[in-house]
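In the part that follows, the structures are each spelled out as structure tokens.
Both complexes shown next keep chain A, but they swap its partner, so chain B is in the first and chain C is in the second.
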Partner chain A sequence: MSDAITERPEVTAQRRQSRIIYAILAGLMAIFLLFELKLPFLVGPQARGLYEAVEKVPAQKPILLVLNWAPGTYGENYPQTEALIQHFFLARKPFAIFGIDPVGPSLGQEIAARQAERLGRTYGVDWVNIGYRPLQLPMILGMTRDLPGTLKRDAQGTELATLPLMRGVHSARDLGMIIDVTPSATLDIWIQYFHGAVGTPVGYAPTAVMAPEAYPYLQSKQIVGMLAGIKGAAEYAALLQQRPDASLAWKYPPMRAMNAVSIAHVLIVVLIVLGNYQYFTRHRRREEQA
Partner chain B sequence: MLALKILLGFAAGIAFLGLLDRFTNTRSRRLLMVSFTFLGGLFYLLEFVIPPGTGFLGWQAPNPARDNFLSPLIEQIGQVVLVIGGFAFGLGLLNLAALHGRTLLRGRPGWVNSLAFFVAMVGMTVAGLFQANSPTLRTVHRLLFEGLYQPLGASVFSILAFFITTAAYRAFRIRSGEATLMMAAAFIVMMAQVPMGMMLTDWLPTQGWLAYFRIEQVSDWLMTVLNMAALRAVGFGIGIGGLAMSLRVWLSLEKGTYFGKEM
Partner chain C sequence: MNLDLAIWALAALSTLAIFSILYRENPVYRLFEHIFIGLATGYGISILWTQVLLPNWWTPMAGDGKWPWIFALVVGLMFYTIYTPRYAWMSRLLMATLMGMSAGIFFQGFARLYIPQLAASFLPLVQPEPPYVLFRNLVIVVTIVTVMTYFFFSFEHRSKVVRGSASLGRWLLMIAFGAIFGSTVMARMALLTYRIWYLLQGRPEIGT
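Right, the complex of A and B next:
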């Protein structure tokens, strides 16, 4: 009982510290999200690799944009998806949205429909939304052999084979590229069954925490490029900005989010230093008392 | 018509499972599961290892340059597995409904949450299924999906940022040589991820040997050399473990709640 009483001030102090940290973080993030700052920024080889690979996709081969993300990773995957879709529309690369997460294709539909309306692109010709299918190995194998036969209809119930964009697509060989936008470990599927079996190029847009796992595949050229989290989206936005036909409109500008993440990283580093300083000062004081 | 077909299929599936339950004992049920598991695994193994162009009793694939005699069945089996996957969703829903239904009917603590579950499930299902037929339901669906579900999901995940920041202050202590190394690597990778970190070495040139000391270059080296070597080793171990596990499942050697024990 007495222990509980003696511990209480420490717990109260910890709670107070947490609240102060929460308030500082929320305040700084809000400021950096509201105001745009120009900070030095370099485009890495991973984002450039993906951008250049998309540019090289033949116009008659659609890109399969796999959206396996849900609102939980909105902050990172939404700007990545928006950057990729704007690139496809600007470069006139037809694409098909697909997902093995039930929510991903619905989120992609909203972005694609908005951008298509803005840039004057047509559903069925420039883009389609195949929708969600549960992740099952037989379905993936079926897609590699007979894509319209396995997936049959788009999200609106239209036969895929009747859509102009899908007319030349019979198997995974007829796809120009697959890009997986995801917070999950789904990359292996596309590498094993699409890149490994039929040679379809694979691009990857994971959340920042998932990115380290993809480096071996980048070195072995099993993936052509990667957008790592919000940094990847900001890099891709910078590349899009350099296009002569750049007509961009963002719901969530990636560079602004990047600056907010920037200040959060700096705060974390400062807190680690402060925490360690406090720890060593206490440690030394205890040793002196002993 | 589609809804009727789904209902009929679901009823037929339930009836089939009921008959199996009624007319088979534990031993024969296990034999059935083991046989299906083995045959399923055998099909995919043979389809993978038999060379393209191989036929069986005059049965040939339409595209012998690419496929063997088993390959055309992949699509049909894929559809069957999709249907079984659909049943898993149905069972999940039934299970949740039974659990929350009991809490709600008996007025147990937390019944409000169970009520919220039913309201959300029914509301979202009705609005999602019939939105194409009614502008009102389309508005309701948009309100629920874009106005409620999306911000709620994003908000829950964003709370992590606050926990990570306080954890950085409280838990990350440099107590040993290993912790110091980890701290140094974390500092470089974290700062190289963001423009403010890049500012630290922005004064260094982007070309020439000095460019290797820019923070983003050091971070790239850490990720593509040290991190990659460790990840390859981990991946190799996982691969071997996965192979052993797959063999145990395929040959029904695995024991435990979902394999050898009656639930």
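Right, the complex of A and C next:
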């Protein structure tokens, strides 16, 4: 017994074409990932703005690194987080990982622990992981007034107030910066209740889908800089490589990934041109036949 | 068998199973899709208990003797009275309180979010600025005015000036949508790139 639906020949041909396109795309990406084929690359003002703002953060003021991403956006948010954490450790900027997504802080913990071991940084002094808290506005407001009193413990259950890194932190005013690494629309929270209320600088590392919405915030200087998806991570990596103390190790090298994405874009543009050419030639042929 | 290798092999199998939809709809894809949804839900519940409810509610109540925390459970359960018409007023009471509180907080936040943007859109067009800054300011001001004209529905666009402005606004909107779609393509390609990298490399430590 067979209840298979017979496809029209043109649908079958289109399906075959799609499979060929997927195969070419995957093949090209694999080549650019395996071999370091460098494409032209420029660092934009958004990534540079964030890099320079991090450099200016006073050493006694920790940075709140908000990780609101999950494995679904690993390809973009992971290299962003890895670039930022390496910068914090190299520049000796203490930071606290925090998240309003259940998975983000756990993924950040893996990166921070690995990089801390490599660069000889200490938990509680150079970094802490506060962990996950569900997004509740009273909690956000509480964080602005009494951060250790609201969040109480880190992810391991240690009282935040007892950790050397958090000793000088009482309210949002004592934070050097907030950087939101996210695929979601969470930026407004930090602008409204931290930057708008107490003037804490805010940085943003969204997925590329979310980036266009944030440009007005850059223009109004409500955010100090932005890493737009994998491109932003690659730009940040390029800036880190220029440091005299650059000792970098990547689990997923963003510049190589950006090269693969760029070649995919070239392929898409070529396919759009070819597709339009095919459409117009077919259209003209039909008109001539008619 | 090395545990890391086993984890990599399982993840690689899952990736290929999900990618199999690109060939055609198949039961392997459906199976792994359901596994993924189940895992994500289970993980979320587990994290909610271990990182939120256990340290912030259960331990203070059951371990430290702070018994008033029991009222949090009572208040939480009141939401479920929505399913019984006789006691549904209890859930409405909670929802009204939450809505009132949220509206008040959001109203304050709204001003902090948009007033700086309004101020930032008043840009100089004739100040002694470099030409590229003046050009950029002009683009921003023209875009704001023409797009707002396009969305002005209070009267019919009869005048040539208004029609032209609205038409330009529509074109500028299309350009913006094109840029947004370009970013979306980049995001999707970046996610695919990582999965290909994962399949090829199997989580190694490599410097750029």
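What to note about this one:
Convention: the second predicted complex is superposed on the first by the 283 of 290 C-alpha atoms of A that agree within 3 Å, B and C clash if a C-alpha of one lies under 4 Å from a C-alpha of the other, contacts with A are read in each partner's own complex, and residues count from 1 in each chain.
Criterion: a contact is a pair of C-beta atoms (placed from the backbone, for glycine too) under 8 Å apart; a residue touches a chain by one contact, two chains touch by 3 or more.
Quantities reported herein were computed from a predicted structural model and do not represent experimental measurements.
In this overlay on chain A, chain B clashes with chain C. Once chain A of one complex is fitted onto chain A of the other, the partner contacts of A:P212 extend to both chain B and chain C. Judged by the touch definition given at the top, the superposed model places A:T200 against neither chain B nor chain C. When the shared chain is aligned, chain B comes close enough to touch A:F41, but chain C does not.
Of the two partner chains placed around the shared chain by superposition, chain C is the only one that A:K251 touches, whereas chain B remains out of contact.
Applying the stated contact rule after C-alpha superposition, one finds that A:Q86 touches neither chain B nor chain C. By the touch criterion defined above, A:V261 lies against chain B and chain C together after alignment on the C-alpha atoms of chain A.
When both complexes are overlaid on chain A, the residue A:D146 reaches chain B alone and has no touch with chain C. Once the two complexes are overlaid on the shared chain, A:T73 sits against chain B and chain C alike. Residue contacts after overlaying the shared chain place A:L33 against chain C, while chain B stays out of touching range.
For the contact definition in use here, the residues of chain A common to its chain B contact set and its chain C contact set are 18, 22, 25-26, 29, 70, 72-75, 103, 106, 133-134, 137-138, 141, 208, 212, 216, 219, 229, 231, 261, 264-265, 268. Taken together, the chain A residues at the contact with chain C in this complex read 15, 18-19, 22, 25-26, 29-30, 33-34, 70, 72-76, 78, 102-103, 106, 131-134, 137-138, 141, 152-153, 155, 157, 188, 191-193, 195-197, 207-209, 211-212, 216-217, 219-222, 228-231, 237, 241, 248-257, 260-261, 264-265, 268.
Listing the residues of chain C that touch chain A in their complex gives 22-24, 40, 43-44, 47-48, 51-52, 55-56, 101-102, 105, 108-110, 112-113, 116-117, 119-120, 140, 176, 179-180, 183-187, 189-197, 200-201, 203-208.
Interface of chain A with chain B (complex): residues 14, 17-18, 21-22, 25-26, 29, 39-42, 44-45, 70-75, 103, 106-107, 110, 133-134, 136-139, 141-142, 145-146, 149-150, 208, 212-213, 215-216, 218-219, 229, 231, 258-259, 261-269, 271-272, 274-276, 279.
By the touch rule above, chain B contacts chain A in their complex via residues 44, 67, 71, 74-75, 77-82, 85-86, 89, 145-146, 149-154, 156-158, 161-162, 164-166, 168-170, 172-174, 183, 187, 190-191, 193-199, 202, 206, 216, 220, 223-224, 227-228, 231-232, 235.
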